[in-house]
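This report concerns only the one structure given below.
The letters A, B, C and D name the chains in turn, as written, and every chain counts its residues from 1.
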Amino acid sequence: MKIAARSRIKSPWLFHLNTGSCAGCDIEIVATLTPRYDVERLGCILVGSPRHADVLLVTGPVTRQMLPRFIRVYEQVPEPKVVVAVGVCAISGSPFVGSQMIEGPPDKIVPVDVYVAGCPPRPEAIVNGIVTALKKKFG
Amino acid sequence: MTEKFDEVKEVKVDYTRLRVPLGPVHPALKEPISLTVTVRREEILDVVIRLGHVHRGIEALAETRNLIQTLYLVERICGICSHSHTTGFVQALEEIGEIELSDRSLHLRSLIFELERMQSHLFLIGIMAYEIGFDTLFMFTWYEREKILDLFEEITGNRIHHSMNTLGGVRWDLSPSFVEKVNCSLNKIEKSAKYIQEVFQDKTVEKRLCGVGVLDYDEARELCVVGPTARGSGVKVDIRKAYPYAAYSELKDDFSVVLRNTADAQARTQVRILELFESINLIRAILEKLPDGPIYKESVIKLMKKIPEGEATSLVEAPRGELLYFVRTNGKEGLWRLNVRTPTIPNVLGLKPMLIGSEIADIPVTVASIDPCMACANRITVVDQDKRETIVTDLKNLRNRGKKQ
Amino acid sequence: MNTVIILLITFPLVFLLSLLFEGIDRKVHARMQKRIGPPIIQPFYDFVKLFNKERIIPMTASSRIFTTVPIIAAAASILGASIPVASLIAGSNVGGDLIIILYLLTISPIMVMIGGSSSGNPYGAVGFSRKMTMLIAYEVPMLICILSVSVNYTSLAYYDIVLTQVKIGSLLALARPSMAAAAAAFVLCMPAYTETVPFDMSEAKTEIVHGSLVEYGGPYLGLVKLAKSASNFALSFLAVSLFFYTPALLERYFSPELGGAMLLCLVTTLIFMVFTMTVPRTIFARLKIGQAFKFYWLVPLTLSIISVALSILGL
Amino acid sequence: MKLGNMLRDALRALLHKPVTVRYLTRAGEMVSVPERYRGKIVYDKEACIGCLLCIRTCPSGVITTTEEKKVSFNISRCVFCAQCAEICPTDAIRLGSDFEIVTSEKEDLIVQ
C-alpha cells in the first residue's frame, strides 16, 4: 500500500483547534497559508470541519471550557490522524501552568505526535512540524 | 463507525426555525466564541453569545507571581496586541513606583504601538476578505503584514510577542540602520495600503459589507463600544488623544481620529484602513523626533524592589480600543490584584443588536468587523458565569485542584 | 454495443482528466495569489488519501441515503462528462442529447444536497436551502439557452450541433447574435453549477462550514469532490464544444475526425476553464444568496430569453 | 475600475515568480533569521556562577537548579522572552537562532 502512504504524506488536510491559546499561535498557523510560506505547496489545506481533516493542529493549554470540545473534535477526525501541538502552551501549558482553569496540556488528553516549541513558533517551524509528524507516522 | 455527537443531537432540525450553533469551533472564528443563532430561513431572530472558552485564569495567576513574571504573563493574554497589554501593565507599575522614563524609551514604546496597530488592522482586513470569500485579497494583505512582522522580528526578536516593554523603559534599541529599514518598509506598506483601500471600494466587496451589522450612534454610546467599532459609528473616542500616554502627548498633532458615520461593517473596515495611514504618519513623526538617551533605567530586580504597595489604573488605546489595567501591588514584588478590562468585552455586547435581523451570511462578516479576538475577552466575562457554575457544582473539586497545584 | 465500449473507455479518461484539470485550476489560482501552489497531481493524492480514510457515518444521519448519495453523484457527473467526450471520439452521437447531459449534471448537486440534509447537521440543512435556491436560479436560464440552441438548429443531438460549426466554418458563439447571447448565459451559469466563488454560498466554508459537506469524510467526501471536479470539467467541455468548437476554425487544414481535434478541444477547454472559473474565483468575493439569485434572474435569464427571442426571429 | 486592478494584479502575479520561500521543498533554501531573533536557549555552563537570578525572573518556571549548583532549562515551558539572558550577570545564557524546535520526544527539550 505504498500509494496510500505516499498520498497521505502528500495530502495532509489541517484542522486547527484553539483550546485556549493567546491567538499568537493561531495567527501564525493562518500565516502559513499566506504566499510567503504557502503550505498548500505541500498539499495542505485548512479545512473547516474536523471530518475532513488528517492533521489536528492544537494550540493552547486546554482550558476547562474547551476540554469536552477538544475531545469531541479529536474523535471526529477520522483515522488515521496526526496531532501536532503548536506552541509551548500546547506542549506544557506554560506560561499558564498553575492556573485552576487549565486541564491540559493536550498530551495529557490525547496522544500527540509532534511538538513544535516556540511562543509562537515561526510559521516555518509549524510547516516543519507538520512534515515531521507525517514522516514519523506514515514515512 | 458510529460517532458521539451529543451537542448537535439536541438541535431540532426544523426548516422554519433552526438553531444553528456557531462555534466554539468554527472556521470563521479563529478563536473560540459560541454564538447560538436562531434563524428562520436565512434571517436571524435571536443570538445568544457565550464566552469563556479561553478562560485561563490569568488574573488569579498574576497574584501568585512576581511583577516581572506577570509582565510576560499579561503579554500572553493575547498575541495580537501583546504590546498594548504590557504597556498598560508597566504604566500602572511605573505610576505606583514613580519611575521616570527617558524620552527615547517613550518614543520607542509608541513606535512599537503603532507598528502593532498596523499589524493588527492589516490582520483584520485580511480576515474580513477571507470571511467574504475573497481569498486573494486575504493573501495579499497578509503578505503585506509580513513586512511589519519582519520589522518586529528584527527590532525585538519575535514576530508576535515582542516583549518590548520592561519596567522603566524598553528592552531593545533602534540603531540608525534600523530607522532606515523602517522607513523603507513604511513606503512599501503605504503603497499597498492605498491598494487595499481601492480594492475595498470594489463593488462585490461593498455589496457584502455595506449595511451589514449596523450599530447606530446612540446604541454605540449606550453599549460603550470602544475603538474602531465606536469610531465606525461616529463616536469620537481615542485614548491617545483623550488621555495621552507614552509619547502621544508630544505627537498629538501628528495624527487625527478617523470617524465614519455609516455605522456598518464597511465603516468599521474603512476606519481601520484609514488608521493605517494615520499610523504611518505617526511612525514617520516618531522616527523624525526620536530623541537620544538611554532606553531603560536599571536592572528590573532593583526596580521591582522599589515599587511600594499601592494601586493605579492605566489606559491605553489598543488596536481594538480602550484597554484598562488596574493594578494593586503588595510592596513585596508581587500583586494583590490585577484587573484587566479589554476592548473586546464592550464590543462583543454590540454584536447582538448588530446581528438580529440580518442574514446567516452576515454573521462572520459582522463578527469579524468588531475584530473580536476572544483571548482577552474571555477572562472577564466568565467570572460571574464561573462563580455560578462552581457554587452549584463542584466547589470541593475546585478546592482539591487548588491543593494539588 | 459500440457505444457502450466507447463509454467504458471514456469513463476512466474523464475521471483522470477532471482531476488533472482541477489540479491545474488550483495551481493557476495559487499562482495568481503569488504562491507556488500544490503540485498539479494534488487532486489524485487527495482522492487516494480520502479513499484510505476511516468511514464515519454520523449517528444523526440516515445511513443508507448518506452513503449511496455520493456514489450516485459521482457516477452521474462522470457519465454526464463522458457523453460529450465519447461523442467526439466516436464521431457520432453517443447516448442521447443535450437534455440528458444537463440532466445528468444536475443530479450531482441534488444528490449532495440530499446527502447533506440527511446528515442531520444544521449546517447541512442551511446548505440544502441555499443549494435549492441556487438550483432554481441557474437551472432556468441554462435550460432556456439550450432551448434557444435547439430552436436554431432544430436538433438537440450534441454531435449534430458540434458538426454544424464545422459546416458553417465558424464558432457557434460568433455565428449569430442569438447564439452569442446563449453562450454568454451558459458561461455565466457555469460557476454556480459547480459552486465556485463568487457563487459558492451553499458550500461557504466561513459561513456554514462547507454546508452539505460538513458531515462527509473519507471516501464519501472523495466521491463528492470527484463529482464536483467532473461536472466542472463536463461543463467547460460542453461549453467549449457547443459554442467554441475550435477545430471548426481549422477545418480547412485539419480533419475534425482526427484525435488532434480532440486534443485541440481539450486545450481550449483548459484555457476556457481558467478564464471562466479560475479567474473569477480569484478576483471576486462571495456573493450573498439573495444577491446571487437576483443576479441570475437579472442577467443570465434575460440573456437567455433574448437569445430565444432572437433565434425565433431567425437571427 | 477597481476590479480591473485586481484582475491586472492577479494576471501579473501569474507571470512573475511566486514570493514563496521554498523552505523544506528545495534543499538549501533557508529563511534568514535576524540577529536579535530569540530562539532556542544556548547555555554556557562554564560561565554560570550559580547566582540563580534567572530563576527568579523567569515567567514560566523553565529553569531549575542542578546538583552542581548550575541550572538546567526545560524548553518545553520556555516562552522565549529572553529575560533570563538579560538578567544574567555573566552572559551565560543566550537565545540562539535555532527556531526549528520540532520534536516528538519532550525529553529533547531540555538544555543543560
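Quick notes
The rule we apply is simple: a residue touches a chain if its C-beta (ideal position, glycine included) is under 8 Å from a C-beta of that chain, and two chains touch if they have at least 3 such contacts.
As the structure is a prediction and not an experimental result, all values here were calculated from the model.
Averaging Cα coordinates per chain and for the whole protein, the chain whose average falls nearest the overall one is A. Chain A and chain C have CA centres that are 35 Å apart.
Chain A and chain B have centres, each the mean of its CA atoms, that are 24 Å apart. Look at where the CA atoms of chain C average out and do the same for chain D: the two points lie 49 Å apart. The multi-chain contact residues of chain D, meaning those touching 2 or more other chains, are 3, 6, 10, 18-20, 22, 59-60, 79-81.
Shown for chain B are the residues that touch two or more other chains, namely 3-5, 26-27, 72-73, 76, 136-137, 139-140, 143, 158, 161, 202, 204. Counting only residues that touch two or more partner chains, chain A has 35-36, 38, 41-42, 47-49, 76, 95, 119, 122.
Taken as a graph of touching chains, this assembly is complete, with every chain in contact with every other.
Interface residues of chain C facing chain D in the complex, by the touch rule stated above, are 28, 30-37, 279, 282-284. Remark: chain B residues 65-66, 68-73, 75-76, 136-137, 140, 143, 150, 153-158, 161, 163, 166, 171-172, 195, 198-199, 201-204, 299-301 touch chain D in the complex. Residues of chain B touching chain C in their complex: 1-5, 8-9, 11, 13, 15, 18-21, 26-28, 39, 41-42, 129-137, 139-140, 143, 202, 204-205, 207-208, 359-364. Interface of chain A with chain B (complex): residues 16-18, 20-28, 30-31, 33-36, 46-50, 60-61, 63-66, 69, 72-73, 75-76, 95-96, 98-102, 119-120, 122.
Per the touch definition, chain A reaches chain D in the complex via residues 35-38, 41-42, 88, 91-92, 94-95, 97, 113-119, 121-122, 124-125, 127-129, 131-133, 136.
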